[in-house]
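One structure below.
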């Protein structure tokens, strides 16, 4: 199984990177960009073949390591290899 | 339109961050992780309403700024607000 | 919560308690106002009366510290202390804790701690030139320690490196007493000219109140009260929002403020630290003996629908409040725009003596300034002196059989092992004036463009303080003195960061009192006054407190850096001499 | 005479340091050029200094590479004006395509600030004329992203054309894995373009240019720049 995990900053948490990207885009002349938020994208290759078990593993990873729930949210999709 | 952009390291480019996460996961007792790759996830809110125009804008962003083609690939999905 | 909901909010005893106010304190508030507070007013009082802002448990004792001397230009009471370096040069410095946020989000907590202390220093007109940090972590084998060390160290580096101020020293200890309550104390020293020092008194009526820096968001609301509230098991999940720092903006803010300071237009300036807009505006007005009117409609906002309560309590980082000479707004605005920073006129000083906060045409707060600034309760908390344990005489301790092995074991243990792995993650050379790098007794940075050197160091051994608060703290002060002397500096003054557990326990208060007494005596004897400092209480989880940790930061002057001393052995067969008793 | 210009991006933080070094060593005043300006004044050397331009957000140097001033820097560089990129400046040169490759996260994933030893492999560039070929020098590094990466073809081309200017090496001049602080491919610390007029390197020569700072190996880099300027004007 492959898990594709996205970690994003919670709403309301300052995102200096996103803001800087937005400014840079407009300096490049790319207009009509209302908002940019930067997060992390993590791809994990799991030995697990059952969907439920994979889900449980990914949840644990996200909670214990990949995301800090004080400022971040996570979301993911599972995909059979 | 919202664009959800994933930027990943090209195959063959070493990813020490991914490796570090993999090690940390195994230290946490999370096993069965065959590989981890870390990338960036960027969400962009576009004023654009036509799909084709949005696509062209996102392509330009990725090529000109968001991804460095020496080491990175990009992929994205568009979503109506 | 939208504005309408806010006005409907009824103030129940639960809400009062949630704001960290005791019933007696709430009665005091009612008496001051002569009526029920609005929700915004309750928030304002709660942060102003928090331990963090009001020093209500420590104030009576801090007054006993020696704070004057011929070298002192400004003692405690401003954003940072100021000491004369001769030839028109001054050093401005202070230390501050960011303990609780760093435990919850180590990277951001430590990073914003560094950002906050630098703002305290450049607010007064100094260019920050040296950062230090005093860190205490739990036992090395504790499951959380590695993660916390990693996060804290990279957060400190991440912020300081980006801003471009060298991190030149600090100290790091591990002790199980900090397992659930790490300490992150950040110190910053900056250089200014004595005729270009800026203070926070908003003297004058009808002056524009200017907001500059980043936009205001809902960051760290209740942060100031959190920093003073004891932890419990639930804090892991309660997880109040911590602020995210933006060192890039801080760098721009430093450059913009210094550029503005070079003009003759600033009457007063203060950073928005803990309790943000509330404490900065109130303190500036109080010191200037004026009233202040804030119109929150003009506050640059990052989020939509922010209430007056949220804006007054927000702890968004990288913001400053400035009182300008009238008419100079366009000149000031041009500078901040050039650096890509927000600039807004958010109010003016008045002759009403009141702090009036309006938002969308409504008066959200109307409080007498002096009362708000000075009415915080002052507690003389019960304490008893700590009896030091019996002295252990050297002859009672059996000598180790393998001295060399023992020495090796000690040197490689977590207490004494080299900290190179930490300071190599900090840029300690940027600015091109670091003439003595970390690793020695004290670090030395040159006063830019001169041959003078500023020596900086921080020290404390909590074990000693726990055994004997008076002697242990004297020892800490004296150790900074020795470290400064060892590089060839004349020690000048100190800052301190008093980290203790719950002051409502008499033995903790006893540690605190003993520590202040020891510091006062050592400083008096050495003519080494305390010019700034910070107190962090309630460092306690589930009733278990941290070891008493009064971190001392010392600064000294090296008259000529070409004659500085360092710890490097220079040549074979040089003599080693042991001095002292 | 040396007319040097230092470009100041928002977030640059070694701009003053390099200005001080250049002025002290060459005796000529240095112009500071703001990133928002349309052009760099006529110069014998343009320096892109170290620091965290635009916060180093997204990727180091990426945003600076697209700033207004860089359009002119790129044009001037292509027309032959010497350009030196130090640390963040090297990252900007790579991101703007003036030099090949990219600087990735250090293999240790940590920021590293310490002195390293380097071997000077090319002494024909505008900033290395005063060194001896194969000489080992000591300079500080201070970066989190200095891990030089390029595909094999590019690396081979760089080597073939002698465009590797500095390599991390031990005291004996061996480019060993132990001497490599950040995982850079083939221990590369600095490279140049085909003409030797555009040079980028991770170490900071401006941090060790006088003995009071603990070493002076960086000094000759600025002396070389002065010499190059004099040679082209006579």
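Chains: A, B, C and D, in written order; residue numbering restarts at 1 for each.
In this text, a contact is a pair of C-beta atoms (placed from the backbone, for glycine too) under 8 Å apart; a residue touches a chain by one contact, two chains touch by 3 or more.
Since we're looking at a predicted model, the values are computed, not measured.
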{"item": "Chain pair with more C-beta contacts, A-C versus C-D", "value": "C-D"}
{"item": "Rounded Å distance between subunit A and subunit B, as computed from the means of their C-alpha atoms", "value": "9"}
{"item": "Where subunit C and subunit D are represented by their mean Cα positions, the distance between them in whole Å", "value": "37"}
{"item": "Centre-of-Cα separation between subunit C and subunit B, whole angstrom", "value": "39"}
{"item": "Centroid distance [mean C-alpha coordinates] between subunit C and subunit A, Å", "value": "34"}
{"item": "Subunit A, residues touching no fewer than two other chains", "value": "16, 20-21, 24, 28, 38"}
{"item": "Residues of subunit D touching at least two other chains", "value": "54-55, 57-58, 62-63, 66"}
{"item": "Sites on subunit C at which at least two other chains make contact", "value": "246, 248-249, 340"}
{"item": "Each pair of chains that touches, named by its two labels", "value": "A-B, A-C, A-D, B-D, C-D"}
{"item": "Complex contacts: residues of subunit D adjacent to subunit B", "value": "58-59, 62-63, 66, 95, 101-102, 104-109, 149-151, 183"}
{"item": "Residues on subunit B engaged by subunit D in the complex (per definition of touch)", "value": "13-14, 16-17, 20, 64-66, 68, 70-71"}
{"item": "Contact set on subunit A toward subunit B in their complex", "value": "4, 6-8, 18, 21, 24-25, 28, 30-48, 57, 60-61, 64-66"}
{"item": "Partner subunit D, residues of subunit A touching it in the complex", "value": "16-17, 20-21, 24, 27-28, 38"}
{"item": "For the subunit C and subunit A complex, residues of the former touching the latter", "value": "104-105, 108, 214, 217-219, 239, 241-244, 246, 248-249, 302-303, 316-317, 340"}
